[in-house]
Amino acid sequence: MDWTWFHRFGSPPHLYGLAGRLTPWFAWPSAFLIAAGLYGGLVLAPADYQQGDGFRVIYVHAPSAWLSLMAYTWMAVAAAIGLVWRMKAAHAAAASCAPLGAWFTVAALCTGMLWGKPMWGTYWVWDPRLTSELVLLFLYLGYMGLRSAIEDPQRADRASAVLAIVGVINVPIVRYSVEWWNSIHQAPSVMKFGKPSISWPMLTPLLIMFVGFTLLFVALLLVRLRGEILRRERHARWVAEVVAG
Amino acid sequence: MSSAVSCARLVIGRDLRLAFRNRTQLLHPLLFFAIVTTLFPLALTPEPSQLRDVAPAVLWVGALLASLLAIEFLFREDAQDGTLEQYALSGRSLTWLLFAKTVSHWLLSGLPLALMSPIVAYGLAVSPAAMPGIAASVALGTIALSLLGAISAALTLGIRRGGALLSLLTLPLAVPLLIFGAQATARAIEGASLVAPMYFLAACAVLGLTLAPLAAAAAVRISLE
Amino acid sequence: MSAHRLSGDSLHVFRGERHVLRGVSFVAEGGDYLEVTGSNGAGKTSLLRTIVGLVHAESGRVRWNGLDIHADAGAFHAQLAYLGHESPLKADLTPRENLHFAIGIRRRVGGDEIARALAETGANGFADRPVRTLSAGQRRRVALAGVVLAAVPLWVLDEPATHLDAEGHALVGRLVDRQRAEGGIVIAAVHAPLPVAGAGTRRIGLTLQ
Amino acid sequence: MSDFLSMGGYASSVWPSVALTFGIIAWNIVAARRSFAAARAEARRRLAVEGSP
């Protein structure tokens, strides 16, 4: 099999240019989709029969939670590619995923708490989903902590890559163990998130939001990726040409 | 292959001999475990029924922190005196050598903690019938914990003041072990069947046995680069 | 014994932001001694660590008998003894115990063989004292005994004679010459030239970048 | 309109959630652009100091 496309794709100058050209193609559709999804979710979708209008938090909570997990997975995949093929651009992508993923984890946690307040009467309950989001946040913080603690940038890339891969194997185990723990300790009085009865007028805006958030994430990733590539390639000739121009 | 086995025996033999020349260092994590678990009745209540309720949590958080304390030194000396470098250049599988190192680490920290946990549990008003279950669960849980810790210890090699970072990396990953381990202990105290949580702990240990030495070897190589 | 060959072609190595090696090339064959010289920080240690495969070169390859060393690192390392500028010894073990564990990992080694090597490097007198009680020069002798015991064709030594007295310098020269006579290759980073036979000796001079 | 704003009594949940999420999105947009601009400025500064490589 011919792998030249792979190395060409991974070559920093190529990726730098490509990321720059692609960014608007992700940014504008995402803005449009998020606006549409928000309108659909907050205005058009009918209220839930159990939770009334309170369920509408789902339109920002669920996509954030989705991104928090997706970012970690992408980070681990990019890290693995960087580790196996010694590809700097892949490490740059992994480094770009971390802060974005951490922020969307914060968003998922906070919106989950705001959603929980009317449901549980308190902001924080050891709900399995909130608990695993919290552990995920710690994983992100550990990853970024390790990265910043190692001075040599290449070693930081490679060491944090190992951590990302270990973490991504661990995430499903954490998730499973927390749900198992919750099923044992569940007090009957605690009301769980009622699964909103899925109807198309409710679901469509949610799906639109999922796509919109994903595109937004890609756009943000591309912008950060360009910066990270520049940081890793400072001494390369092509950087001088790009920056001077 | 017999030469691989004799290799592992040498690595373990060296670590055990070194440990017994520095016996007092072996005691530090155990003392820490004893002291932390002593603090709980003092902070909480001497009431036996309440102590029994919190015993699984106290035991497991104590064991977790105590083995974390030991993990910090798993590779530190070997990295400083160049032994890790020699392992990496020995022509033997670094993964295998580090696996052997992790085994000796468990023998020196996890196993003593497991043997000590019944004593600590007795202090928390747990009935003697629960002791075998508790010791077994701590033994099994610390296997997985040593393996997990080997990865974090290797990752934080060469970082100044890496101790706090080591905890930050290890503890979130250890959440499943805490959950299953504490649950196993709770069931042992209730006299219920331990099978389910022990099964999960064993699954974690097996996963760790297969993957952790690989990750640790990769991390050690990176630290030597 | 088939002749061995170690080569590097225009190695470029970065340490963090610094471009320490800028296109270093060399060839060494059985019987050769390659002396790496240069001021502090010129990249001597980086070159040696690249040769043994601890450090990956940004570009350029190191080849052992024509094969990239990273292609089969295990096989390459089995033929290599590396001595860093710290002597890799456990302070709480005696020299004899240290060698027993360190060499035992590589190959089966008997007590008499260890005793012979220790005698040869002049470490017999303190073979059963804990290493923590030894001076830096005495530790170096023990570490050199380890290199001899490895019984491999390629030696890569970082400042082998550091901390050693005049007699120790001569010892290192003798060991290197014997290794070469047996068809081995020796690469050493040094500050002062080692007293070795002139034929087959080459120098790589590194300059501070 | 005020019906919409009151969110059937859940205004204190829904609106802060939306505001917070979009606050975080806005911050991430700013931070991403800033991180790129900083890397660019740094590369340019080095170029000025070291000259063309």
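Remarks
As written, the chains take the letters A, B, C and D, and residue 1 is the first residue of each chain.
Throughout what follows, contacts are C-beta pairs under 8 Å (C-beta built on N, C-alpha and C of every residue); 3 or more make two chains touch, one makes a residue touch a chain.
Computed from a prediction, not measured in an experiment: that's the story for all the values here.
Averaging Cα atoms per chain gives one point for each, and the point farthest from that of subunit A is the centre of C.
Set side by side, A-D and B-C show the greater C-beta contact count at A-D.
Think of the whole protein's Cα atoms as having one middle point; the chain whose own Cα middle lies nearest to it is B. Centroids of subunit A and subunit D (each the mean of its C-alpha atoms) stand 15 Å apart.
If you average the Cα atoms of subunit B and of subunit C, the two centres end up 37 Å apart. Subunit B and subunit D have Cα centroids lying 42 Å from one another. If you average the CA atoms of subunit A and of subunit B, the two centres end up 32 Å from each other. Residue positions of subunit D with contacts to 2 or more other chains are absent. Each of the following residues of subunit B touches two or more other chains: 225.
With touch defined as above, residues shared between interfaces to two or more other chains in subunit A number as follows: 154, 234-235.
Two chains count as a pair here when they touch; such pairs are A-B, A-C, A-D, B-C. Those residues of subunit D whose C-beta lies close enough to touch subunit A in the complex are 4, 7-10, 12-14, 16-18, 20-22, 24-25, 27-29, 31-33, 35-40, 42-44, 46-47, 52-53. If you check the complex, the residues on subunit A that touch subunit C are 86, 151-154, 234-235. Across the complex, subunit D is touched by residues 38, 42-43, 47, 51-54, 56-57, 60-61, 64, 99-100, 103-104, 106-107, 110-111, 114-115, 117-118, 216, 220, 223-224, 226-228, 230-231, 234-237, 239-240, 243-244 of subunit A.
Across the complex, subunit B is touched by residues 52-56, 74-80, 82, 84, 86-93, 97, 101-102, 104-106, 108 of subunit C.
Subunit B contributes residues 151, 155-156, 158-159, 162, 165, 168-169, 171-173, 175-176, 179-180, 183, 200, 204, 207, 211, 215, 218-219, 222-223, 225 to its touches with subunit A in the complex.
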